[in-house]
């Protein structure tokens, strides 16, 4: 259902879509049934000459079953929703499939910056690639991300991936995603973060391994570094801060 | 002005508890949530931050203990005031109310010296997590003590004339509640180090 | 919450108003003795004993004040239930919040700032001593 | 704020003037009154005035969303910071300064003493103080628009660190004023709420047992209890946040041992019960109105109360579903998903009972009844869409999108606005002694309901398409920039304008009927509850002779009686005793 409004680009996106579809069907049924009952009763028992209201307390068994039985059915539906909801949650937020790559995501007022391992494949080494605004990832690869905030709350949201996670200053929050198709997708900030909240856009660029390798080569080229890689701004102490984070975590 | 002091509703007592006392219980219940929220936040942080114990060691346990004694004693006076009021002894009730209020002010004076000392030492509200909680929790409590003491003095004026004696019990209830809060604040802020 | 009291009506309002007054000075003396014990406990230097005495006695003192001075035991019973319900809700608040605040590390998150604060605090105060 | 109140009520007050009651000055009569009805009017008119302000703010930011970057007629250019202020203030005003005063305070003040058969609140002067504190809080909030930096723009949830530091939110004064205003507002409602609770517990008319209390009184009292129990930790939190802002404490500062998540917990521990604080009075009024105009006993009076208590208590254990992706431990989310779906059990039962009440009735479609029925119909949408958000797996996608916005407007709008109109149109004759015009009332009803759905149904779709909240311009988000979505946003904005335009019908009807409406009898709707046994409007002191209650409030169409209603205070005659 959601596919009509937002295309999907991660392995768990279809699971979330299916969950939403299941909920839509179940609550949609009850919604329509209740609205139908409401309108039908309004029509059936409208005031007419010669008909007066009946005296019903609601304790008559043959009448109260019309409330009680649907009510039990609703409880069953609740459970039917609950189980897949938790399963999807566990898969997206609690499980952690082995990653091919780990990236670090920094949020700050009002930009996203990223730290990706360079050719050596490990974070916090000299060849790390730091970018602002664009995160380059490979298609069909599992990524772990580590989310941090430098000032206020932000939220890392990629609608195509059905992925959303708040960034909390002082905390490193990890998560994962696995890409399924190439393209350029929006990264939104979905937590009010001040004046530039509406400007805090970034892109996640999903590439084939070849394209990704080519990109990595281009930014690892010292000449390119000067232009496309953002050095930590003087005064913010970003890089020292980051290494301190790493220290504490060990 | 002609605003009636008491409505007929005020004189009814469907629950069997006089209205003034009933409202006191509800005020105490709502205060429990205010202090409870603050103390729950404090306890959570405190248990997770061993370094706060070092900061806490700068508090003055003796002053805290003396203040506990003062409040316990003033609680005794509050309940004696209630006893006197029940015996229709307005003068006695007023006397005990004034003694209770005196206890409250003594508490605040000790607190004042204690805080002056700590602030001189350089521990202020912004000195870190423990001090933030220390001044906020104890300050909120001190405000309650101050309010209670002032209300007691006002009620004592009436009580001396044998007017509005049931109020004595209500302010007493509130005072005991403030006392109980301090009974927990004392170990939380002064003993746990 | 109004359930019990309401149906009973206000006939005996006056009787509930006047409680039996016990010997308050005796209660106060016990409270003061308890206070002394908890303070002495604080100076023993044995951490677990200090905490046990301090908080155990705090609970006992609070109970005594509530029972003897506030007369919760002779008040209509639902008042006691009301106060206990309040504590229960506070316990719910604590239980729901503690997993995030009282711990500095959990599934897929790590409160490194708090850990840093502990480290910095311990060092700084260690120098101070 | 009170100017409309004074003007409008001069009319009503003169009827309620008792002979022998000496003249009181304008000031003492309208601004310093301790009469619960006058305080209700003060709350009502202040709340309505603020509702118009909140509506105006909504108009401004919806115009910005429909036509980004253009000057909004009647406002000017919406800058990003202004936009944040607008949405923040819209949310704060509508929840704290409209829904609460109108639903809980205005109707609570007006109805409780009348319905339980006493002359006033137990503490009239505390009641007056409650309104005065509330008024001060409203003035402080409105003043924050005009301070340096403008009104607070960190969302109505006011999450730190954004709200804690001026360098982050750029509205340091506005942020503090917002916090002070909210805290004062809480104090005002604590004072008022405790008064409601105690009045209902202790001040009831002789013979009125617990099960004879009208549902609306029960609901307002339960709402007050919920408010009392949930707001305490947030008052503490507000003090902490204020100290963080102004005195440099470290409660929510992650760098110095604090934790920003703590505020979220304290806020939502209050915030979720708050939803029910607003909802319950509206549900209660709807129950009264449905019983009267269907001429029916409620389908299970006790069921409604049991489910209300269950909902109220459960509302304290679900708060973290607002924080599923906020950085809380993901394992806790499972607990809160279960409790959240659990809360649907009592609330569904309650709605089913409401619908079943219509069965066997004789339904008159008066304006109040239309509002009441539309409440159920619209609230259902809000209820079922809540399941998407309570189910943690689906919430990952929907969190903080316009889907959430649409969802909670489908719960708050029925409570605050539809509930308010239902109550106002129903009790207007009692409040002002005149009948409202039915034709104008129906035009207003249909215009409002249709416009309301035009506003928010498109937002469900934009939310499902990924529109995140609190964005002043989607130009930077390529997927959100699609023309289809922009058309939906424009449609929604048109809905806002139409909705606001239709309120003119109501305002005209309201003020015109004050003078020219048909005079209302004591009991124009042939209702059972006690407020309909006194003159319209009720005089000072309400009852010439304080009533005694003989039966429950919903004895409609009782077999063996000639009339199809049976007032609560009508003594049983021997003939009727034989018939029963």
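General observations
Per-chain numbering from 1; labels A, B, C and D assigned in written order.
Keep this in mind: a contact is a pair of C-beta atoms (placed from the backbone, for glycine too) under 8 Å apart; a residue touches a chain by one contact, two chains touch by 3 or more.
All values reported here derive from a predicted model rather than from experimental measurement.
Look at the CA centroids: the one farthest from the centroid of chain A belongs to B. Across the two candidate interfaces, A-D and B-C, the one carrying more C-beta contacts is A-D. Between chain A and chain B, the centres computed from C-alpha atoms are 48 Å apart.
The centroid of the Cα atoms in chain A and the matching centroid in chain D are 32 Å apart. With each centre defined as the average position of its C-alpha atoms, the distance from chain B to chain C rounds to 15 Å. Mean C-alpha positions place chain C and chain D at a centre distance of 35 Å. Residues of chain A in contact with at least two other chains: 93-94, 169-171, 173. Of all residues in chain B, those that touch two or more other chains are 12-15, 17, 29, 32-33, 36-37, 40-41, 44-45, 49, 52, 128-129. Within chain D, residues 201, 204, 229, 233, 254-257, 259, 261-262, 266, 269, 327, 330-331 each touch two or more of the remaining chains.
Every pair of chains in contact is given here: A-C, A-D, B-C, B-D, C-D. Those residues of chain C whose C-beta lies close enough to touch chain A in the complex are 107-116, 119. Within the complex, the chain B residues that touch chain D are 1-5, 7-10, 12-15, 17, 19, 22-23, 26-27, 29-38, 40-41, 44-45, 49, 52, 125-126, 128-129, 132-133, 136, 140. Touching chain B in their complex are the following residues of chain C: 2, 5-6, 8-13, 16-19, 21, 24-25, 27-28, 31-32, 35, 38-39, 41-43, 50-51, 54-55, 57-58, 61-62, 65-66, 68-70, 75-76, 79, 82-83, 86-87, 89-90, 93-94, 97-98, 101-104, 114, 117-118, 120-122, 125-126, 128-129. Residues 200-201, 204, 209-210, 225, 229, 233, 254-257, 259, 261-262, 265-266, 269, 316-317, 319-320, 327-332, 336 of chain D are the ones that touch chain C when the two sit in their complex. Here chain D touches chain A in the complex through residues 80-81, 83-84, 153-155, 157, 159, 161-162, 168-170, 254-255, 259-261, 294-301, 303, 325-327, 330-331, 333-334, 337-338, 341-342, 344-345, 348-349, 351-353, 355-365, 373, 376-377, 380-381, 384-385, 387-388, 391-394, 396-397, 399-401, 461, 464-466, 468-473, 476-480, 556-559, 564, going by the rule given at the top.
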